[in-house]
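Reading through the structure tokens given below for one structure.
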Amino acid sequence: MIQMQHFLMMSAVIFVLGIYTVVTRKNVLGILLGTELVLNAAALNIVIFGFYGNQTIESSIYALFVIVLAAAEAAVALAVGLTLYQNFKTIDTTETRELKG
Amino acid sequence: MMTPMQDLAFAALSGIVIAAGCLIAFSRNLVYSAFALLGAFVGVAGYFVLLGADFVAVIQLLVYIGGIMVLYLFAVLMTSGIGDVTLTNRSIATKASAPLCIVLIILLGKLIYTTEWYVAAEPTEIAPTTAAIGNALLTEYLLPFELASVLLLGTLVGTVALARRGVKVIKKS
Amino acid sequence: MHFFLENIWVIPLAPLIGFLINGLGCFLRLPYVKSRKFVHFVACTAIFVAFVFAVGVFFDLLGMDPAHRSFTKTLYPWISIGSLEANVAFLADPLSAVMMLIITGVGFLIHVYSIGYMHEDPGFARFFTYLNLFCFAMLLLVMGDNIFMLFIGWEGVGLCSYLLIGFWYEHKPNAVAGMKAFIVNRIGDFAFLIGLFLLFWFLYQQGHPTVAFSGIQENVHLLEGAKVGGISLLALVGILLFIGATGKSAQIPLYVWLPDAMAGPTPVSALIHAATMVTAGIYMIGRLNFVYSLAPEALVVVATVGALTALFAATIGFAQNDIKKVLAYSTVSQLGYMFLGMGTGAYTAGIFHLMTHAFFKACLFLGSGSVILGMHHEQDMRRMGGLKKYMPVTYMTFLLATIAIAGIFPFAGFFSKDEILWKTFESGGHQYWYYVLWGMGVLGAMGTAFYMFRAVAMTFFGKLGERAHEIAPNEVEEDEHGPHQHEHHTPHESPKSMTFALVVLAILSVVGGLVGIPYALGHFFHIPNFFEEWLAPVFAGAHGEGHGAHHDVPVIEYMLMVFSVAIALATSALAVYIYTKRKDLPARFVTRFPRLHRLVHEKYYVDEIYQVLVVNNLLRINQLLALFDQKVVDGFVNFAGTVVRFSSKVAGFTDNRWVDGFVNLVGNSISFAGASLRKAQTGLVQNYLYIAVAGVIALMIWRLL
Amino acid sequence: MDKLPLLTIITFAPILGMIAISLIPKEKKNAIRWSALLATLPSLLGAVKIFMDFDRTTKAMQFIEGPLNWIPSFNIQYHLGIDGISVTMVILTALISTICIIASWNIEKQLKGYFILFLLLETGMMGTFVAIDFFLFFIFWELMLLPMYFLIGIWGGPRREYAAIKFFLYTMAGSVLILLVMLALYFYSDGHTFNMIALQDQSLHQGPLSSHTFRMALWWGLFIGFAIKVPVFPFHTWLPDAHVEAPTAISVILAGVLLKMGTYGFLRFNYQILPDITVDMIQVIAVLGVINIIYGALCAMAQTDFKKLIAYSSVSHMGFVLLGMASFTSEGLNGAVLQMFNHGTITAQLFLIVGIIYDRAHHRDINGFGGLATTMPRYAVWTTLAFFAAIGLPGLSGFISEVLIFLGSFKTWPWLTTIAVSSVVLTAGYMLWTLQRVYLGKTQEKYKDFPDITRREAFCLLPLAVIVIILGVWPRPILSMMEVSLNALNQSLVPYGAHVASGLGF
Amino acid sequence: MEILNNQDSLWYFLPESVLILTFVVILLFDLPENWSKNRLLAPIVATIGTVLFLALSFYTQQFPEAITFHGMIINDAFTDFFRLFAGLTALITIFLSLKSKEVAQVRAEYWALLVGITLGIPMLAASNNLLMIYLALELISILSYILVGYLHNTKTSSEAAVKYVLYGATASGVMIYGLSLIFGVTGTLNAIEIRQFLISNPAEQLALFIGLLMTLAGFGYKISMVPFHMWAPDVYQGAPTPVTAFLSVGPKAAGFAILLRFIYTALTQDQGGVYVPLKYIDISTLMAVFALATMTLGNFVALQQTNIKRFLAYSSIAHAGYMLMAAAALNTEALRGVIFYMISYLIMNMGAFAVAIAVINDSGSEELSAFKGLGNRGRKGALAAVAMTLFMVSLTGLPPTVGFVGKFYLFSAVIEAKIYWLAVLGVLNSVVSLYYYAKIIKYMYFEEAKEQKPFALTGFSFPSLIVGLAAATVFFGIFWNALSYLTEISAHLLM
């Protein structure tokens, strides 16, 4: 029998994989993929809690907003990444490090 | 509350999600990672279905796969050059990050299995949610809904502004 | 009405006015100071007025009932805080009257003498300014009715002494000598203050906090038996105050400044370092006799130190060639006698010797000044000789004063010195230690007679410059003006203003002792001991004043008198003999005992010992502390930074961020922390996120623990 | 208004002058100088009036202004007044400020800014001494920092930046502690007040304020805050640097007025608001005082920089104040406050004197001088007077305060005082040694043409010297102003065991 | 307490509606070619809109406090204050943007985005629902990303934007993961209901604490709280200077608003002015640790900086640390304190940025050394230097400036809450901060300029703004009764 905890665990795995991606990838796009995983894990979590606990529609709505905002964020991120590429001719974060210290 | 069929589906979906997730996290080729994201989204969409959030699942497929994935692939190719075959996606600081993530997952596991979650007495009946969502968005969730529209409008304009000029610059150079 | 007593404030005021007129004139370069006549007229008049008033006070007192010869004139409250009440008030009693007379009288003579002596000096007006100031301070010292007034004068004379020793300040040793005098005196003051505080607070404890002499006299008996850490309070107070006196009055161990003080002009040596200032310590003990009388332990200390100094300084006198140095050590020695007298409780004798000493020592110093001037600023006795014929007046007065100091009957010195020795001997009856002291005193007296006549012989007898060959070529010739190029001039007698003073003082040296003819001699002629009777009210109750013994003169007193006169005569004659007839003897002595001679000649190396033990160590401590201040205290907070800086160097992190101005208090460590944290800001967003996640995880774990 | 708001006038008149000066074009240098002088005169005249009118028979606050509500929500009031503890400081501030304006006459660099900042500084100093409201006090206290920072940092010597920031950091570190204590006193006192007088009422100290540990913490906060200003060993290291680098007039202000704020703070806050802890901790003050005295004197002796020497002598002399305060005797306390005044006048002279020679020789190496008494005789006279005043020669003002302090503290701390009294030797040592090295001896060729002290320079020294002499022979006028207040303060400590501490303990 | 429905809530929403309208209207300007050529048109509209927003805020402030839009947001005095704050910040930013050469060539969307973020500030401050929190936060964030990267052909700008977006996306992801955990424990998205749930179910829940921590990651990222601060220096440096000024004040204030509202509303219980933390979440100590770490890091690293904007970024991190003390103190004084501090911070930080913009305009350099000798470069230079000195003094927290009063308030609150160690370390931190703020002063006065030309600060309005802010810094430092009144009425949370 699958229980709530199994779903949550899967969500946690996705979350952690996202975090891992975020903190290890050199490529801007690679990092972005990680953030998508993190956001998706969160959305999944909310739906899980909605299904097992709250049982109202608000969990679905919350998940919807998360998805939509993630999309918006992704769009902005990609646009910004593009300007980065135009300035640096690369999107490798280790080579775009003018700001530090 | 879950049928064996659903258990099976859960197992399959979990397999997909973990495989895709690992590919995203560990693959050295950016295109593989980008495509693996597709798998992860599909898997999560499947979870949504299992959890009775049918509308969310659909939106997940539409927005992510129809919108974001394509965007990603575009970006991958635009930033790397279409003819460029070495779309590397190397990692740094893996040695430091791996223990971090292992600790994190252990902590989350402990959390998940020790917390007394807010659980309803009766299992939820799986029913279509679309109508209810539409209703809620125009009543209780009107404000977030409207605010989201402002946000999306701003995003749209801003993204265009950034990208449009970017193209111009390219033309000049 | 006692006009002079009521207006006693005129006595210190007159020299003060003189000081102000000349001082402001000098400072503002007013035209009148260019006139030397005006300057010395002002200065001498000022001190003369004071003298006249002092005489007036004397007679006013004389007209009063002997038992109540004390008068206090309070001008205004000076410090009155809490239980401390110190007034600006003058006390006129027999003791202070004597002191006033000495100061104004001898002072006046020395003023007059200085007109001639300083005639050619560019600092003429300055000199008289200081001299007036000194008289003012000295008068305050002896006239104040409380310890604080005494202390003003005490320090004031120190200041003047400092200024006058360093009068020719362009020559560095003079300036250093002045400094030395002041600082050594301060060491004494340190003890003096502590003694004063002890006395004050213990009186406070008894309910009578006071600093006025009369108050202390009334209440001091309450402190009998009081103890501080097992020591009798009064003895402690007495000793501490006496340490103050050893500074001012140049006793062991603080006498070292006085010989150096001879760097000042000779009239200064006469006035300050012979007649008046250095006797302040004796005066102080006399003034506080009621304290000392209750503290026999303190008296023993005083007497012992006095006797030791008397002997010790006398021996140094043997080997000095500088005429002023000889007189200086002689002064130290004579002051020792006075303390010996005070220490045996024979206050009258001590004060008596103070007075006679003022006469003959002033005379001697002035005489030496006259010689120096006559010899064109030559102080080395080896270059002198045979001056008798060039400077007859000086010779005569010097000789008379020498006889007086040697204690030959019936000159002034005989009466006073013999009184002291007799009292000491007499005290031996109570405490055998005093016999030892008496022995030292006698030895010292012999020494005094010897070196004084040696000086007379070397200076006035024989031929001019007959010993010049004894001067080693490497000896630096210095006089009060600094390194001196020796030129041969014919010696000449000094001007009238100087000889006048000499003559008057010589006369006083001869007859001055007659006011205090001891009962043992006086009762044959029914001449009372005027001096003792005069001072009796002041020292009434002091246990050493044996009034009762008057009717029963022990035979031994006569024997001792004869004995001392005899040895004085003998040693004098010996000295004259050796230094006129057997001129080879001293040289043979030197070759025979070179080390001993060297030891004595170099004043037992006391200065050098002090230098090594005290001054050098102090300077070293200072340097260390200054270093400590720079390196440790200031660097304490930097310390962490320094350690960190070292480790950062190891880490290969040595860019000039460190040098870039972060040598501050919180500085290095903070900036290191900042720099490290800054290094964490790698510019990689992955790392930023890593840190964020790690932070969250760390807090989770913190929570779980 | 029936009465002239005297304290407000003396405090804020410099601000008016500041505004006036800022309107004068910077080319008109003399106009700026005279306006600055003019701006300090109201304070000076006010101080004279205070001196005349001050009621010497009461310990209560006088010339009270306010309380006007300033920030009602925090019960912060504009409330001025002076009593015997502060009145001498007000007079000193007014006097020293005026003198320093004159002493600054030869400043050429950015004259306008200099005087603007200077006047701001004066307001800060004055306000610190006249404020009754703790918050107001703190504002004035902090107000001084910035002008001082600039005055050292712009017009100072070669290492001015270092010295300025060091001063700034140290003092601010102290003042933030004071701020915290102020807040704690406010919040935990019954009735939430910043009024210093009200806070003295121990019955208002409730809640945590009645806990001994907490009071101890507050006491230490105040103590360290003020100790940095005094400066008490080991917080003193800013002082030599600041003094050495600051321009003459600023050194004078620094030594003459600013240092006193620390000891004033002790008396006003530690002693009056937390008397029980003060009695408990009195050993600390006494021991630190003695360390200051001896340590400062020894360090002074080791210096070759004339100004640094004077700076360390300040450390030593401020130690006297601490020792006197720790005495719990009327003599000691009065001596301490008198010493604050006297140190102000005497050290001001010393710094002016150093400034005079620095203006001519452009260095301050003691060993590099010699024989100045010959070329500059009048200057040497001034110096001698000031030096002997610092040595504590009887007849000059320094003696009175020193002897009162020693006398007073001897009762309570015989051994410590004995150690401290040895400073009479050390002080004489370094002072006279300096005098000898700089002024006496042979004149050096390069100093032959130095002009003697000018009229302006002498004019700065004159009032100070006159005060030093007058107070030396007649200290009554100043002592009488402080006596009643300080005796009352001393009495107020008795219930907390001050009388036990001040026995003749051997 | 009434929960209003959408229709009744609309009146409360009037000011924000105006902003939305302005936002849309400005976007339209980009369409006709001749309109977009007029550079001043869009900012003027933005200004008018913002002023109208402020005016209407005063109007709606009359209404009784209420929970509106079915419990989505709360219209209380606290919200009113942040409307005021956002409006003022926006106005100053618009002004600075007009004066800064960096953003001289912007098009209409720049102003629209500014207005959009301004809209987000009161929305975030008012949010009562976890969804609203996320949404408002994202509204601010996403629009900020675009503004940061607005200088598309500048390397640093695009790099900053990329870092910002990556960091922001991840942080908000972590935050909603955390929020979801809270949702999972309490079963509700409404902050007030969360508190009610926690009061009635006082069992310890690990998920609650971890959820809270993750939520704090999102809030903390917005206010640049250590260890979620690391994006800030890079982004502040790379962004156009007026945007940096705006980000360091407006969105940060919004972050504080929601942090405080969330903590006070959901995690504490009001007991007469003292907010007692609920259950096992020792939120006070946690926030105290965060506060201390934040101020210490900000101060320590600021010592090392050579870039003006980066310098001010670290300074703003340090100030976030001070303000976080209010989240640790948990009493009404703390709310007042943080509100006062925000006002003072608005004045002094905007002032500092204004001078920085003037200096950057003049020298073209963002290095701190551009300040050297500013005090001696003509009248305008002296003016700017005096003003900057006042701002620095105020940022240090010395009287008689408004910054001191702000610190006074905050430390009052901490003392009142008896967290003495934090108070002591806090004040010592401000001593450290003195060192680097004084460095600017040192540069301006104690050092020589590279070239002694008069400082280029032309026109009337820009100097007036600087003088105005400087005057406000001093004026409110001495007479802060008005502000005191404002803080008192604003420090009220409807819960």
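Note that the chains take the letters A, B, C, D and E in the order they are written out, and that residue 1 is the start of every chain.
Basically, contacts are C-beta pairs under 8 Å (C-beta built on N, C-alpha and C of every residue); 3 or more make two chains touch, one makes a residue touch a chain.
Please read all numbers here as calculations on a predicted model, not as lab measurements.
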Contacting chain D as well as chain E are chains C
Please work out which of B-C and C-E is bridged by more C-beta pairs in contact, and write that pair. C-E
Of all chains shown, the one whose Cα mean is least distant from the combined Cα mean is D
Report the inter-centroid distance (CA atoms only) between chain B and chain D in whole Å. 70
Calculate how many whole Å lie between the centre of chain A and the centre of chain B, each centre taken as the average of the chain's C-alpha atoms. 6
Separation of chain A from chain D, taking each centre as the mean of its C-alpha atoms, in whole Å: 64
Inter-centroid spacing, chain E versus chain A (mean Cα positions, whole Å): 26
Which residue numbers or ranges of chain C touch two or more of the other chains? 664, 666, 678, 681, 683-687, 689-690, 693-694, 700, 704
Which residues belonging to chain D are in contact with no fewer than two other chains? 161, 165, 169
If you look at chain B, which of its residues touch at least two other chains? 92-93, 97, 100, 104, 107-108, 110, 112, 117-118, 140-141, 144, 148, 151, 155, 158-159, 162, 165-166, 169
Which chains are in touch, pair by pair? A-B, A-C, A-E, B-C, B-E, C-D, C-E, D-E
Touching chain E in the complex: which residues of chain D? 70-74, 110, 138-139, 142-143, 145-146, 149-150, 153-154, 160-161, 164-165, 168-169, 172-173, 176-177, 179-180, 183-184, 186-187, 208, 217
Using the touch definition from the top, list the residues of chain E that touch chain B in their complex. 6, 9, 13, 20, 23-24, 27, 69-70, 72-73, 107, 109, 112-113, 116, 119, 123, 129, 131-132, 135-136, 138-139, 142-143, 145-147, 149-150, 152-153, 181, 184-187, 203, 205-208, 210
Of all residues in chain C, those that touch chain B in their complex: 684, 686-687, 690, 693-694, 697, 700-701, 704
Once bound in the complex, which stretches of chain D touch chain C? 161-162, 165-166, 169-170, 233-234, 236-237, 240, 295, 298-299, 301-303, 329-331, 334-335, 371, 373-374, 378, 381, 384, 388, 393-395, 399-400, 403-404, 406-408, 410-411, 414, 417-418, 421-422, 424-425, 428-429, 432-433, 435-436, 439-443, 473-476, 479, 483, 487, 504, 506
In the complex, go through chain A and note every residue touching chain C. 19, 22-26, 31, 93-94, 97-101
